[in-house]
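Right after this note come the structures.
Two complexes are shown next, each including subunit A; its partner changes from subunit B in the first to subunit C in the second.
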Partner chain A sequence: MTNAAAVPAPSSSHDRVGFSLNRVSVIGVNTLTEAIRQKVFIFLLLVGLVFIGSAIFFSQYSLGEQEQLKVIKDTCLGVISVISTLIAIVGTAQLLPSEVENRTIYTILAKPVRRFEFLLGKFYGSVLLLVLSMAAMCLMFGAVLWIKEQSMIRELSQTYLGETQAATEQANQQIEQVRIAVLDVNMVKAVLTDLVKAMLVASVTLLVSTFSTSLVFNVAVPFMIYMAGMLRGTAVEMWSSHRLAMAVLAIVPDFGLFSLADDINLGNLVPWAHVDQVIVYGLARMVVIVVAAHLIFSRREI
Partner chain B sequence: MDAIRTEQLTKKYDLGWRKGRLLALDKLNLHVHEGEVYGLLGPNGSGKSTTLKLILDLISPTDGSAWLFDVPCNNVVSRLHVGFLPENPYFYRYLTGAETLVFYGKLCGMSGSSLKQRIEELLELVGLTRARDRQLSGYSKGMLQRIGLAQALIHDPKLLLLDEPTAGVDPIGSKDIRDLILRLKGMGKTVLLSSHLLAQVQDVCDRIGVLNLGQMILEGDVKSLISDQRRLSITVQDLPDDARARVEEAVRSAGASIVSVEHPQTTLESLFLEALKKDERGMGRHD
Partner chain C sequence: MRIKILIAVLLLGAGLVLLPLENWVRAERTRLKYGGARVSIQLREAIGQNLAIALLAGMRGIVADFMWINGHDYWEKKEWLRQYRNIEVVAALQPQAVMFWDLGQWHMAWNIGYGVLSDPKNRTKAEGLKREHEWHEKAREFLERGIENIPNRYDLYFTMGWLYYEKLSKDCDQPPCHEAFCKAAEYFGKAASFPDAPQFVTRFYPRALEKCGQTRAAYEEWKRLWFLDHSKVAQSWNIIEREIRELENQLQIPNDERLFPPPLP
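For the complex of A and B:
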């Protein structure tokens, strides 16, 4: 070490430490940087991208332009939904346990950082990871649709090349229908609700990891809660007369609400009002779960 | 005002269902004055790390209270003026030394040119300027310890809590850290040092406290604790044999007894450092 002169003190005139979004953001960005280095994340994202990319080949086994586009949309939205859910669970499950195990949490909480800021930062990092991975999958989805659209337009143009005026008009109509099917706003709605669903799953996983240090437990329990949430609608119908069952079901988020892909593939119009309702439901549940996670984490011995 | 004050601080850990509770810390009354270097000693499991964790509000006391500069430890404000180096610290291994300090600096609300300047000063202070852009995965144990010290100092705290700061560090690194602690003391910092290395504690600490099984069993000023008032040691150079016989006779005639007569020995650490200093290739450090 060198004989450096006494270092001047930075401004230390604070006598209060308020909640800081800046600290949350610093922890969040660091969490994202750490998460994208995980092999399991890279593996899941690659699997997602490969399946989305291969949808273009699966679609060739269907007859008709609309059917082929339907297969692509069905496959891609399904893959985005499954992979984002898995990333939400796996990417969030180890966030707190690894900080405790590596003892990096000691150096962070020894600074003027509130536990709530730390927890929120971790959740923010997890959300950033979801946004990033879903953006990558959506880009791939968009590219697949564009390639399919161009290929269909080329085929239709060649088929009707030099035909009668009526045939050309029919071709133009079909091309227009392809374009309408490709630029389906319902897909945006499906991706948005999937993102909120994945964030909700991440919040459930974060809640579980505030009281458990086992990675297996932190993955298995949120997955079971997710499955229970997917079947919640059916369970409510079956056990509506059982108070205890209804009380338990009231705690489990209704993940089935977020599945818009089926409606979209059946050609049903999903109104924005419904999407808004689902998003508000998801965000409200998420806030309650993060607050519950804070209440547990603030009392946890580290 | 005390930098650290604890009153009847007690911690019991639950051992699980039907296994009872472990008393890790028992009614500790600790007072660390501003500007002093205080050594917290004790064998493994004596309650040293529990004390540090309680002070940093990483765990909650079963009973009693603790304050940092008169601010209760469960108030986040108390951590404005504290820097902490945990035992065997782990950091984000993908960050470089400079990036690590940026991360911790931002957590302390620092930014811009003041943070940049502070980082350069600290890297210089801990001797890591040349390794600033290397990822921590490529740092040696001693270098990790030094970047740990730099992160603890990033917001220029008035109090430093160092948990085994030289654990696993070679004698050169250990001496560097010891020198740094003394330099920090010169800068008016208060240091609470938890260590097993008694010689090191003796060299740098003003006062010590010895914990055993959660209780403070000895506390006081280092010099007065280790000095033996009944014995006197005089070191002389080039004393002829006849003169030595006269000195021994004078001692005996005064009614005192000679306990031992021997040639003073250097310490192994001094010998080691002296040998490295003489090596023309310089001190063995790759940073």
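For the complex of A and C:
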């Protein structure tokens, strides 16, 4: 005969377990490992790397050396931006649905893991995936720039070979200009803002995937939100007098604000203060979206 | 239902809270002249659907580069109006690109200008000249817009000076066409005033002054350049010396006032 009063009341894992960054980290790393094995990710990354590598061939269609450098930088930074956005959408869209479909989510949530930790871990894994893929693309970009720099220096040296001392000095000046143009540290700002933009896109995708189980829906909706976000600046200019329209627009993040690569390539002044504000804006939006995703996911019947 | 409303309020509220920051960043972008022509129906018609999608995806630079490379086709086929329209669209897409304004005016004033001048369809030589002048004017007007967009760099001032010096100076009816050279001097002077302007730019200013008829001012400018610190400024000093010697002879400067007096007999 058992004493019912002596048996402790069943309680949820939420009551027993506190928040742990370690668990978030473990889920994140595990998510990254799974994502890297996905063929879609490998395919997208390969496409990105091939496009970046071929920028050196595209540039040959233009006339001057400065033009060629501009084409290379535009192409590489553009590809990094687009591919990272696509990886953010495709990589994040299947995180939750695949866990539900494979029923692995039940095993994880049956353990002392909070739903918020699980969600945050998934998002962390997605961010790690973005950092990794962008690092790979940036390495390729650096290699392309280095190859171009060497070929430009070689050409300049050959042009002025055996010329007068004044011509040699001029060649040295031009070589220095090429080095300055190639090693533009401002490009780091473009990559950073692109990373934050991709993270924001990933958070939007995560939010959508908390209430939808369809992969197509999870990919299509964030993509449409991204396009709407790119057009937001134009819409704000057009509808600035309509308060209701402006309020509705406020829901969509302005992805156009993250586009700094073109201006950096053109040699425009892009102060760190401006980059910081863009990053703060992106991170603030991201936090709110992840919290909204948590609110939905914590009440979802699994 | 309650949770859906809560989430909608959360997203909307956060959007509204972040609106001042967003507006501030947008205003900063406008102040720093980032971006380019707004995505509109006119722009979409000019660039085509595929490029418009690329533009929407944030690939403004690639779209402009791609269109620019395409423009070479029009040049080779001598489709001047198409090339002109292409240049205009590319410059509108990236109005902060010196390259597009610089090379765009070069196409108009030099390539298209010569193309229409030597067009076998011209009935008379005068017609060819008139058409060439029209393209020079188009280039000047185009470059003026470029300077409005990029007023804080020496490049386009120099290009405008060069346009006046090389092309617009030949468009006047009565040589020696001082007016165009005076305008060239004005732009070269402005370009030379930028600290990062290359040294050859500073030499064009007195050259244009001389052609403008202000020989004395040109001499003074050459002298000013000569008195710059030779150990600190990288300059072709032999050219400056040659020009000063020539002007001292031309202006008949007394020997005791010359920088380079002739050797005693």
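We adopt the following convention: the second predicted complex is superposed on the first by the 286 of 302 C-alpha atoms of A that agree within 3 Å, B and C clash if a C-alpha of one lies under 4 Å from a C-alpha of the other, contacts with A are read in each partner's own complex, and residues count from 1 in each chain.
Just so it is clear, contacts are C-beta pairs under 8 Å (C-beta built on N, C-alpha and C of every residue); 3 or more make two chains touch, one makes a residue touch a chain.
This one's a predicted model, so the numbers in the text were calculated from it and none came from an experiment.
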{"item": "Subunit B or subunit C, by number of subunit A residues touched", "value": "C"}
{"item": "Touched partner set for A:Arg285, first subunit B, second subunit C, both or neither", "value": "second"}
{"item": "Partner chain in contact with A:His274 - subunit B first, subunit C second, else both or neither", "value": "second"}
{"item": "Touched partner set for A:Ser259, first subunit B, second subunit C, both or neither", "value": "second"}
{"item": "Which of subunit B and subunit C A:Thr104 touches, first, second, both or neither", "value": "first"}
{"item": "First (subunit B), second (subunit C), both or neither touched by A:Ser241", "value": "neither"}
{"item": "Partner chain in contact with A:Ile251 - subunit B first, subunit C second, else both or neither", "value": "second"}
{"item": "Which of subunit B and subunit C A:Leu295 touches, first, second, both or neither", "value": "second"}
{"item": "Partner chain in contact with A:Asp74 - subunit B first, subunit C second, else both or neither", "value": "second"}
{"item": "Common interface residues of subunit A - those touching subunit B in one complex and subunit C in the other", "value": "299"}
{"item": "Partner subunit C, residues of subunit A touching it in the complex", "value": "58, 61-64, 66-67, 70-71, 73-75, 77-78, 81-82, 85, 166, 169, 173, 227, 230-231, 233-234, 236-237, 247, 249-252, 254-263, 265-270, 274, 277-278, 280-281, 284-285, 288-289, 291-292, 295-296, 299"}
{"item": "Residues of subunit A defined as touching subunit B within the complex", "value": "1-2, 4, 6-12, 14-17, 20, 22-23, 26-27, 30, 33-34, 37, 102-104, 106-114, 299, 301-302"}
{"item": "Contact footprint of subunit A on subunit B as seen in their complex", "value": "53, 56-60, 76-77, 79-84, 86, 88-92, 94, 103-104, 106-110, 114, 118, 121-122, 124-127, 146, 148, 151-153, 155-156, 161, 176, 179-180, 186-187"}
{"item": "Subunit C residues touching subunit A - in the complex, by the definition given at the top", "value": "3, 6-7, 10-12, 14-16, 18-19, 21-22, 24-26, 28-29, 32-36, 38-40, 56-62, 64-65, 68-69, 72, 94, 96-99, 103, 234, 236"}
